[in-house]
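Both complexes shown next keep chain A, but they swap its partner, so chain B is in the first and chain C is in the second.
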Partner chain A sequence: MVRVTEPVIEVDGLARTFRSRKGLIRRSSKEIEAVRGVSFAVERGELFGLLGPNGAGKTTTIKMLITLLLPTGGRARVLGHDVVAQAHAVRRKVGYVFGGDRGLYERLSGLDNLRYFAELYGVPARESKQRVGELLELVGLAGREKERVEGYSRGMRQRLHIARGLLHRPEVLFLDEPSIGIDPVGARELRATVRNLVETGTTVLLTTHYMFEADELCDRIAVIARGRIVALDTPSELKQKVTTGTVLEIDVFGVPDGVVEKVRAEPDVLSVSVDVQGQAEVLTVHARPGTDVTQAVMGHLDGSRFGRVITRQPTLEDAYIELVNAA
Partner chain B sequence: MNSLRIFFIGGLTSYRALFHWLSPWILVPTFLLTPLFQIFLFVYIGRTAGISDDRFFLIGNAVVNAAVPCLFAMGNTIGGERNTGTLPLLIASPAKRVPLFLGRALPVIVNGFLVAVFALITGSLLLRVDIPPATWGGIAVAIAACSISCTGLGLLGAAVALRVRETAVMSNIVLGILIVFAGVNVPVGAMPGWMQVVAGWLPMTHGIRATHDLAAGAALTDVAGTLLAELGLGALYAGLGLALLRWFEYESRARATLDTA
Partner chain C sequence: MRTLRLVGVAWWLQLKMRSRSAFDGLLSLLYPGFFATTIFMMFKQGDAAGPALLSAAVGSSAMGIWSAVSTTAAFALQMERRQGTLELLVLAPQPFALLLVPLTLSMATIGAYSMIATLLWGRLAFGIHLTIADPLGFLVAVVVTVFAIGMLGMLIAISSIRYRFAWALGSAIEMPVWLICGFLVAVSDLPAWVRPLSAVLSPTWGVAAMRAAANGQSPWADLGWCVLTAASYGLVAMFVSRWMVHSARAHATLALS
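Let's turn to the complex of A and B:
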């Protein structure tokens, strides 16, 4: 018998328009379509990424899914519950962590912050103490939990945010740019924590600006731009979708006249650029997918002094930039 | 069970978290010294003008100071959440709203009660105003009723904080209205008719009247009706506050004003 599982998050034509007013006497209003009918589904245990530039509609989408905002169009269900009609049921089962250092009670200790949110999320009293202790260990704040949050560093605050979001063992966790402002070591630890959560069955919807983070973590990524999803696939498929093929980078000490034009004229070359970096000039050649232009380009540089020669695959960032620019 | 924990433990925790006056540098001058200055001012004005005895001004000005924490701290239960950036987290939580917000009222009521009792005891000692010891129990009940009803009004102010960024201005205005209308320095009976009507719908008015009667020797049963009116007003305002909180919470989700109001 084939077991069909419902998606944990189902988003169908979700839209949100904001109306802002200004002026006291001659009032004028302006409408901004932040999210314009996005649709996607997230399966149980999946780590789904939402990537897009500032103002693309990522946070607005998340706010609608965690019931903080009412949609102006479309519908969404989380764990089978409608985010408008069954908001309370959604709230009990989802966790929400956002980036930045606000959103904590500064005058309270980290421990009291967690205790308070445990009450708000209905963590039973007999479990609360143990759960808070586990999470403090998990996020590396054990030993600092009795200090007031106002004395915490940004990274410590972010780790406390993550502990808070996990207090009630949410089935779905929404992470809105969680690594913003965290140092590289902290960000790596955060990625490990997120990976562990997914391995233990938590479904995660993550927004981030960091391409390597999305590439490393996400099972699938939706690229959102100007309120619309412009691509949705696995990171590797997204990279394949872009027209940029192999990228060749050569450090040349003095690019001879006419070489750039000759390289550009090669049939498999898509684009050529030269950047001055210190004493060297970096010749960057984008080739068609599935081709290798190294020999041809080196042939044009015969007699020149060159250093580093690198051939690399297009990154998710290359794909992201192309997708967003095309939107 | 969880609602009880949210009411008692959550209420106290949020009071510690959000009421920024809980520092000795703010608490002592605001809650202990300012009420005394206010009492001295009006007692001496009363003596100079020869319009009433010291006890009248002492009771009115001591009891009305219960309104300071009741209005400001209660208003800050939402305004403070907005300032710390925790308001979206509170709204996105599944916690039941009635125990959540009523629990926040409990420490505020105690705070208001203690401020007024301190002002009354210290004021009576410093000004040598005779309040018979046998009347203190009843007076404490009347002050508690005033604190409860005023916190009900504060809850209404807390709800408004879901729509406006700053509630301190509004709390200051309400406090001014109470000082003028609630029989603090002018007996309600001496006011024009329309002011008496307004006074009848304000918290403090009935409680202050009951406190005067108790200090003059009335039994608690004699002022029970007046105190019930005071508590009834408190319940009315608290009910309006909770209803308004519910409505504004929905509106804030519809209008996206949680972060921007």
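Let's turn to the complex of A and C:
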């Protein structure tokens, strides 16, 4: 007999529009479509990434899935429970961790924060002490748990967040940019913790800005831009979508006006972007497969000062930029 | 049992959190002192003595408890929103109103200190010797009043879940409640149309019970009404908070942005 397992997260045409009103006498309202009908499914034990620029709709999507926001369209189920009609059942089984300094009680110690949330999340009294101890060990805060959170570094706070999110042993963990603002060592430890969680059977939905993090951790990635999913695949498949071409990177000290448009108009150029890095601007050009646009691009930069010129294979970041720019 | 444990642990941790600010601590030292000084001076100017002075002392101490709760209860949820913990409270698989009980009770507990401060200040600064005729009844009345004020604070705080600026409500009703609940003047001296409002506010019954115990009368009937009205706030809060949380999810007001 073939056993068909139901996806842990099922999202079908999920949408959310925010309405804001202003004015006292003559009230006017404005609508912002933050999420415009996204659909995807996450399997049990999967680490699913949601990747997108600021304002793309990542956090709004997560907040609808964990029942903090009501969708204005579509439907979603988490562990078989509808996020609107069965919000209480969803809350019992999911964990939510977000990045940044907020979400903790500064005047309490790390231990007291965990004790408080253990009560709130219904961890049985006989298990609570042991569970808190286990989690402090897991996130590397054992020995520092009696210090007040206001004295914690950002990395320590983030680890405490993770411990809080795991207190009630959630089957699905939602991580909303958990590594934001953490130093590289802390971020690496965090990735190891997330990997361990997935190995022990927790399903994870992660949003991140860091491409290497998504590349290293995620089984599948959905790229979201302007409230829509523009690509959904494994990291290697996403890279494959642009690996048939090459990427040219040139450090230019002052890109002249109109050059970007001229380069973009070249027949073999797929996309162009400019990033400021220190005093230089990095001109990144994606070329069609089998073509070399170096000479053509350099021709447009005639008279400009430039440094490093390299041609390389596309990364996940290139794939992401191309997908987002095309959206 | 589980609910009691939740309220107990959360109350203790909230109390711990609130008692760790030096600035808040200083204010809670000064506030009851201001109230007590104003009231005692008013009553002394009017040549009040005996039961009238005792009534004033009880009323001013209740003012301290109420002020500690009313001005901070609604603001406390705004603080939870600012520090990003409001969403985590809503995510907890518990009735939201239940999570507010320890929060407002911790404020009322801090406010209860004003009872001791007021009585001590009256004695040290104004030479008022107060004799409590029924100490046990008085103690029970204080505990029940603290609980009742905490429950009323919870009812006020609930609106802050949905409306980001509802914290101003607590400050707006701080002083009207002093009058309506008979903290300063007897409820019987208020206009007839105000009295039904006084009757549905639990602090009215709590202060009446404290005064009765202090004067050697039975406080139990007043305490019964106090518990009944406070419990009804719990029921109302349970329904209203569900609606407020649903509305906050619809209007995206649980977070700051």
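One rule holds for everything that comes next: the second predicted complex is superposed on the first by the 258 of 327 C-alpha atoms of A that agree within 3 Å, B and C clash if a C-alpha of one lies under 4 Å from a C-alpha of the other, contacts with A are read in each partner's own complex, and residues count from 1 in each chain.
Please note the rule applied: contacts are C-beta pairs under 8 Å (C-beta built on N, C-alpha and C of every residue); 3 or more make two chains touch, one makes a residue touch a chain.
In this text, all values refer to a predicted model and were calculated from it rather than measured experimentally.
With both complexes brought onto chain A, simultaneous placement of chain B and chain C is prevented by a clash. Of the two partner chains placed around the shared chain by superposition, chain B and chain C are both touched by A:Glu106. When both complexes are overlaid on chain A, the residue A:Tyr116 reaches chain B and chain C alike. Within the superposed three-chain model, A:Leu135 lies out of touch with both chain B and chain C [touch as defined at top]. Of the two partner chains placed by superposition, A:Val247 touches none, neither chain B nor chain C. Touching of chain A by both chain B and chain C, each in its own complex, is seen for residues 18, 63, 66-70, 88, 91-92, 96, 100, 102-108, 112, 115-117, 119-122, 125, 164.
Listed in rising order, the residues of chain B touching chain A in the complex are 1-2, 5-6, 9-10, 13-14, 16-18, 20, 22, 84-86, 88-95, 100, 253-256, 258.
Against chain C, in their complex, chain A makes its touches with residues 18, 63, 66-70, 88, 91-92, 94, 96, 98, 100, 102-108, 112, 115-117, 119-122, 125, 164. If you check the complex, the residues on chain A that touch chain B are 16, 18-19, 63, 66-70, 88, 91-92, 96, 100, 102-108, 112, 115-117, 119-122, 124-125, 164.
Residue ranges of chain C in contact with chain A, taken from their complex: 2, 5-6, 9-10, 13, 16-17, 20-21, 82-85, 87-94, 99, 246, 249-250, 252, 254-255.
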